[in-house]
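Please see the structure below; I have some questions.
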Amino acid sequence: MTDLARFGVSIDDRLLKRFDDLIAEKGYGNRSEAIRDLIRNALVEDQWTRGDEETVGTVTLVYNHHTRDLSDKLTEHQHSHHDAIVSTLHVHLDAHNCLEVVVVKGKAREVKRMADELIGTKGVKHGKLVTSTTGEDLL
Amino acid sequence: MTDLARFGVSIDDRLLKRFDDLIAEKGYGNRSEAIRDLIRNALVEDQWTRGDEETVGTVTLVYNHHTRDLSDKLTEHQHSHHDAIVSTLHVHLDAHNCLEVVVVKGKAREVKRMADELIGTKGVKHGKLVTSTTGEDLL
Amino acid sequence: MTDLARFGVSIDDRLLKRFDDLIAEKGYGNRSEAIRDLIRNALVEDQWTRGDEETVGTVTLVYNHHTRDLSDKLTEHQHSHHDAIVSTLHVHLDAHNCLEVVVVKGKAREVKRMADELIGTKGVKHGKLVTSTTGEDLL
Amino acid sequence: MTDLARFGVSIDDRLLKRFDDLIAEKGYGNRSEAIRDLIRNALVEDQWTRGDEETVGTVTLVYNHHTRDLSDKLTEHQHSHHDAIVSTLHVHLDAHNCLEVVVVKGKAREVKRMADELIGTKGVKHGKLVTSTTGEDLL
């Protein structure tokens, strides 16, 4: 059970008009939703600058599966961190290229380090970390 | 079969020393690897600023699965774009929170629009798009 | 004269508590201020993805003023775009290094192109563009 | 006096072709220049994640100078940190809007905190920090 609060925002009406246009275009149903998303983004961003908070990240990797030993290395790397790596999604993009998304849970700084290692593995063409959240306390 | 080229980089030796420290820390095996990664990142970034190139993105969403109709809405949304949505990974973070990663393929601007829609769905707590690549021509 | 509007945001009270902590730490005086800043950031970000809207950017450059002809080249470059370049700030960081901030006004995509040229000038050690705003309609 | 090093990069020739196109478009004179810029960016980015290294940032602020006491507050704030604030550039964008760029020197985490305070000042419409560098050791 959670309690709902309500607060008022005073704002110039022209600024509000532009915001309404933007959120309509982005497909939001109402202002509260859009504001809550802005607030959550600010909180998650702040969380990742601290480093020692429990977070979740996803690492997106694109690589050529013909690269010698690469799949094995990535699999091995993930197994040696099995407590932190929650799950992995593998997509065959074409005859050569694979996309892999690795979901990692842990302290922000450890998730970052693990992402660096995965992205830096020889043969990975492109990699990026999304710094997301466990969702707790982000109601 | 691809042909390997080789080019030389002239650089102040102290700058090179600092770069070597950085890539050792990031876990790269050698300089060429690290340089190729910097080059690929720059190319992928440029690709996404154009808008009409064929790309791949991953959308990471965190939401509470108790939110009325949210899973249904997300599933429905994905089915109505089944040609663009390649695959989805779902993780149960705790009793309430889910993390979903959606892999989307298409023109950069369409992938962005679809990510906006998914992230803006009522009940999604946090969402972010990774602008990645099909891997083609990124050898 | 501008008219002030007011709208209500409904939000879980624990999420609001965390937001209040964050904005206190960031030094905001009240919630409306913080929310308006989040809204303006979202609007400015959107403006820069379009490309053809009138905007203002600042380009921060760090370079060694001993680099042959660099100052001349940067000055010349700026003069050949004198209609777009509003002003320049120069700081002597130490005996060798200069920091220069160039304020550029124009359509988003032209400001970006000019920033690329300045940052890419031989001898510039580091450069970054801030995508800001003319402030119009951002009351 | 600095010593020049040289190292070789092996790379697929199609990837190199695409990189050459990109840097030509960005206005670079040769590959070494472009590679050094990528390396310096990676180093500066890394420096800012540490927090305790000596750095330089620029804070771009847009505000309405009619906002009661705002200029005074910004000036006062800057004077109370006169050891960290190196210089300020002020531009009159139109009859109402001002753009101010504040150059701040200090440890990464202090520069960030000061930027937060300036950006969070009531009446500032838009603000952003560029995390740059003193240029030392970035030859």
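In this document, chain identifiers A, B, C and D correspond to the written order of the chains, with residue numbering beginning at 1 in each.
Assume a contact is a pair of C-beta atoms (placed from the backbone, for glycine too) under 8 Å apart; a residue touches a chain by one contact, two chains touch by 3 or more.
As the structure is a prediction and not an experimental result, all values here were calculated from the model.
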item: Pair in A-B, A-C or C-D that repeats B-D, with over half of contact pairs matching by residue number; value: A-C
item: Euclidean distance of C-alpha centroids - chain A vs chain B, Å; value: 9
item: Centre distance in Å when chain B and chain C are each reduced to the mean of their C-alpha atoms; value: 25
item: Shared-contact residues (touching 2 or more other chains) in chain B; value: 40, 138-139
item: Arrangement of touching chains [line / ring / star / complete / other]; value: ring
item: Residues on chain D engaged by chain B in the complex (per definition of touch); value: 2-16, 18-19, 22, 31-32, 35-36, 38-40, 42-43, 46, 137-139
item: Residues on chain A engaged by chain B in the complex (per definition of touch); value: 23, 26-29, 33-34, 37, 40-41, 44, 56, 58, 60, 62-64, 86-89, 91, 93-94, 96-99, 101, 103, 105, 116-117, 119-122, 124-128, 130-136, 138-139
